């Protein structure tokens, strides 16, 4: 692989990460503590936390924007609990995710829960649940937004008026 | 012209004044609004000085002392707290915006904090606008 | 009677309603009135709004919290993910005035106001802190003596401990669920991968193979180190993963054992004598045998 | 009318590169009473000082304002210039336009220049109102107090004593020696710690000029440089040290088992115990909170008489003591004895402690096989709990795999952000000692990075690699507890770019160096301040490394910041040399910027009296009905709390008078 | 007698209590009249009108005493007239000197004060809210005027130059006697000074702990009490007992009158010479002697308006308030 000319990298990504809630990005000193306990790293995803942070710090962007590793983050926050720099690695991963999401660099499987959320207030929903519920002696629908027109309108108002409403997903 | 607040700071020589020097050593950046009057201890600051400065048109006044337990003179800062807390309350009772006066504990090791306090105070004063007594009769 | 708002989330009412039913059975019997949170939506799940825009996340979570606030109750969640999402949201709203401002503005669109006076608890917290081990002991009919449990507390109830209303003494070696199981008479030995991730959640939808890989590691570790009779969790996501993945792993020939999986209140309900048809009727990994064993006459306490 | 000269410094480009010095000079000329305003590249340089000198000699100026850096460092330099030309040195004021202006506003040259003008105006306003002050002198007590009997305190005490000064060396434990006495070997030479320390401890214990006060603590410190009055609380040992021979019979007889601090809690000691085998002084102590009062007899109660023999029944410790040094019927004061000493200088050498492992929840602190590095020192020491055999605590078996974790609590925002400085080296030392002795031992060392700045240090480190010790770059995030008391260390190898796991028998953590939990109240007793990291703050980080803000009190060793033994000894000797200066001079200056009462103005209300932190104010009756306040010059430290409170404006704080401060306020609001 | 000192008294906004102190001199006043001649005393005593004063020649009054604060345009006018007519002008009593209790009115708007005085008091029946107007045309032809109300209270020296000050509300008659004695004998301090013994109330107070010494020496104040909270011990320093007393901060020309009847000093004597700002110094002194911040909090709770507490008699003279 050819050497990376660091002086020619796009450092704007750092500010973007900060703007999306990853203000710890400048604090990371690559100590690797987060990676040592990270499920994403342990499961073998290529762009696990601390490597992602280094890529961001060195101004990589095009190379990583399509990588789906960040979407494997479980938000378990074990990294946040132990980071010696209090960089909140989870927040950085999610900030990167938000950049990806807003460029729609996401897998198609991510869309269904979003559309569900907009339509019913629930990210996970299936009609089959009605039968299951009745089987265990519960009413076919719970008292959540699924049975509540007003609640569904409220969630739609919130989503439609948010920056997410601009993405054309709903 | 852009409004640059004039802040007079009374600074204990052991803590806040040293903290301001440390901010310099660390090359912290903050707006050029504060001018410190060095005092041996924040307990030397008469409430009257604060009122005089505000009456004279200073946009903000800061009294900086040591954290509790750190006073070079054992408990001068406790006196400061008593006096300055009452003063802040009295400013409000007088109908003068008490946000123009701050009492802060900034140690000699807190250069960064000094810069942050001044940055924050300056921003608040910009929001409040100039002291209405500026240019008032003396 | 004390009361608490029950926040169901998505997985419990739509994929594991027997867990939901176990709440309705167990809590009133232990003196905790359950208050419905009508119109509650998704928390919102990590993969939805939180992955797009922080303020939208906070608005949706904030809206759910206002439902409890309007009823003057705290919130009890059954799913760890919901607990994590809403605890973090509440922490952000309560500690960041700028975020709070935006939340207020967004909630004003739907005529709601976030007050900040409802706490977020997890089902296991309410059982452990509000109801208490002793009260549970008094209400159990069947003992789990000589049965071995592998507990799975799940990640989102542990970290970041900063944002949580109830904290473990050591979040890396949690004991709340262990104690809740021990009071039922079971043996709950430590296994080394206790606080490892099960692989559910976002990872499962991103890469099923890797996700199942993590749960396999964990299952094998349990089997090797303690050979449990069942796995007990207080996270509905972990529950679905452990329950569902075993079938897949077995079909692929990657494991040669099966360990029944319970959500804690299901197991508690069984020990309290409730009908498994209501409280433990849906699972991929068979658990009829263990249920029968639990509710056998030999295990009846006087 | 004052004739004020204003001298503006460029400080090279430090000020000149930001502030328009020319404009500041011009502005100064417009200020009242300013007769001359000049500039120089470096005002503190000889030519710079010469400019001021010439103006004083020529009678051009009689008050001097230098606009430069901070008075905290440079005021004394310029005051000397005034003094040299016969002008009262207190007729000088500094305008701090570097530290508090050009350095912090480099991005706003215009703003910095405007601010500099105001700062100069404020200084000039004060200068116009300055009054000459006279230095006064008091005699010095030719004795020193060294607080802390670790290696720093011992060396400070010895140096001062060898110069002919009386030294009180106080130590809170029963023996001197400190943490160094607990160490097995020392890097990078692997000398045996006890072998090099013990002779020095004996020197200190037998020196004719050193009075050793162990098992003692500071109760109160009053006074000032040259004349400190110190109250020392000698804790009750419940053993008559005059008689005790240090034989240890009482310790053997005592049935109590309580964690042994000297062995870092790895084994137990009795309530009657001797600190450690090479203790100086080697005397027994009964640790009363842990004493179980055998036979139900508390200290000071009458002996029970045996019905059988008619003789008194003695407690095991009493019975064991061949010297008759233990008499439990003797009433003793649990508060101990207060000893008053007068000293001219004080050296603080109170050392440090290492953090407990309990704070590091992700690293399985409940496992007995997770040790702090200090515990490992004891575990491998010949005088340790296993007699120097390397056995893991859970089952007393020899470990096969050991993991070392660095930076535990150091370089960590949740604990301490600083580097503890010695951990990399002592861990490498420990690893090497183990590997030398047990070549088949597998050793893994997890570092964020390895820090070896010091003479022969890096060679020492690379030597460890040659020996087959595995160095891994990457911080450990967690430890799982495995069956069979093993520990799964979850790490990351930055060079492999991969998660790694190590199944270890023993984990050693280099927990951070920090000061003792009760250091704050102690610091307050001495009016010392702690820095942001929680260590004692020196007067200047580079130029006054052993001095403190309190004149006459000096620092040595780790209480000032983490350091290794050579640096500690060097600093201890430095502190001794600095403390010897006032003792040798025989007299010290009393700061004239103190408060004084105008008795004509005083109304005798007495408000000031209870305010003075030093009890310097007393009410003296001129006639019975009209008492007036008086300030004792040597006791006043010039805080001005009384000045602020005085409703009769009868108290003037020299150097910070009402007129001077008001003039500054007016100048800054003009 | 040709060389009798010509004296005038003028009351501005006040209660004439200060003038009562003059009357309270009784025989001493009669004695003094051998040396002084009262040429003007309005509006309280003599049947003279303002234009009588206006028509006097300048500097015909040797010593003018002005009591009361400045609140109306009429006060301003008359103070200026008196200044012209008098060689020496004395701010007589704490209202003229520092603004007095009525000076606290500056903390309220004119509108609020009018509402309170002319509409909202329980004994007032004014449903239409009719307020005094400075001018008013009656029957289309009578143009009637009333003095106009200024926005805030001012001290006499904020209007005219003042030569001497006398504190007190009212000044103790013995102090007035001493002041007149000094006038007659010509032993006056430098212009601009207070006529005072210059010492605090504590100096004359028998309870001053500093006079007791030993165990009774002054200690920090560990609680705050108001007089409604209990009856103070009659021999112990009030401040020490927690009854916040301004004795240390206040000129003691009164002889400690209030303390003698077990009432804490509230500062009518004015600040001890050298202090410019009574309230600021009171806050500083009291704040210094309170033991800790819980006691401070207690004080702030018991005295909800610190401006009115510390500046009871001196608000219009305060450094900051006077410029607001």
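Things to note:
Letters A, B, C, D and E mark the chains in the order given here, with residues in each chain numbered from 1 onward.
Heads up, the rule we're going with is that a contact is a pair of C-beta atoms (placed from the backbone, for glycine too) under 8 Å apart; a residue touches a chain by one contact, two chains touch by 3 or more.
Computed from a prediction, not measured in an experiment: that's the story for all the values here.
Shared contact partners of subunit C and subunit D, listed by label, are A. The fewest steps needed to get from subunit A to subunit E, moving only between touching chains, is 2.
Least step count on the touch graph, subunit A to subunit D: 1. Averaging C-alpha coordinates per chain and comparing to subunit D, the farthest chain turns out to be E. This structure's chain pair with the greatest number of C-beta contacts is A-C.
With centres taken as mean C-alpha coordinates, the chain found closest to the middle of all protein C-alpha atoms is B. Each chain gets a centre from the mean of its Cα atoms; the one farthest from the centre of subunit B is C. Taking each chain's centre as the mean of its C-alpha atoms, subunit D lies 56 Å from subunit E. Subunit B and subunit C have Cα centroids separated by 51 Å.
Computed from the mean C-alpha positions, the centre of subunit C lies at a distance of 74 Å from the centre of subunit E.
Computed centre separation for the pair subunit B/subunit E is 34 angstrom, with centres defined by C-alpha atoms. Contact of a single residue of subunit D with at least two other chains is seen at positions 362, 478, 611, 641, 644-645. Within subunit A, contacts with two or more other chains are made by residues 42, 78, 81. Shared interface positions of subunit C, defined as residues touching 2 or more other chains, are 171-172, 195.
Here the touching chains pair up as A-C, A-D, B-D, B-E, C-D, D-E. Within the complex, the subunit B residues that touch subunit E are 46-48, 51-52, 54-55, 78-79, 81-83, 85-87, 89-91, 93-96, 132-133, 136-138. Against subunit B, in their complex, subunit E makes its touches with residues 107, 276-277, 279-281, 283-284, 286-288, 290, 292-293, 295-296, 299-300, 305-308, 310, 318-324. If you check the complex, the residues on subunit D that touch subunit B are 70-72, 96, 98-101, 103-108, 111-112, 114-115, 118-119, 122, 520-521, 524, 527, 529-533, 537, 549-550, 593, 611, 613-614, 637-641, 643-645, 653, 655-656, 661-662, 664-666, 668-669. Touching subunit A in their complex are the following residues of subunit C: 8, 10-11, 13-15, 17-18, 20-21, 36-42, 44-56, 59-60, 63, 81, 84-85, 106, 109-110, 112, 155-156, 158-161, 171-172, 195-197, 199-203, 205-207, 210-211, 213-214, 277-279, 281-282. Chain contact summary for the complex, subunit A toward subunit D: residues 29-38, 41-42, 50-51, 78-79, 81-82, 84-86.
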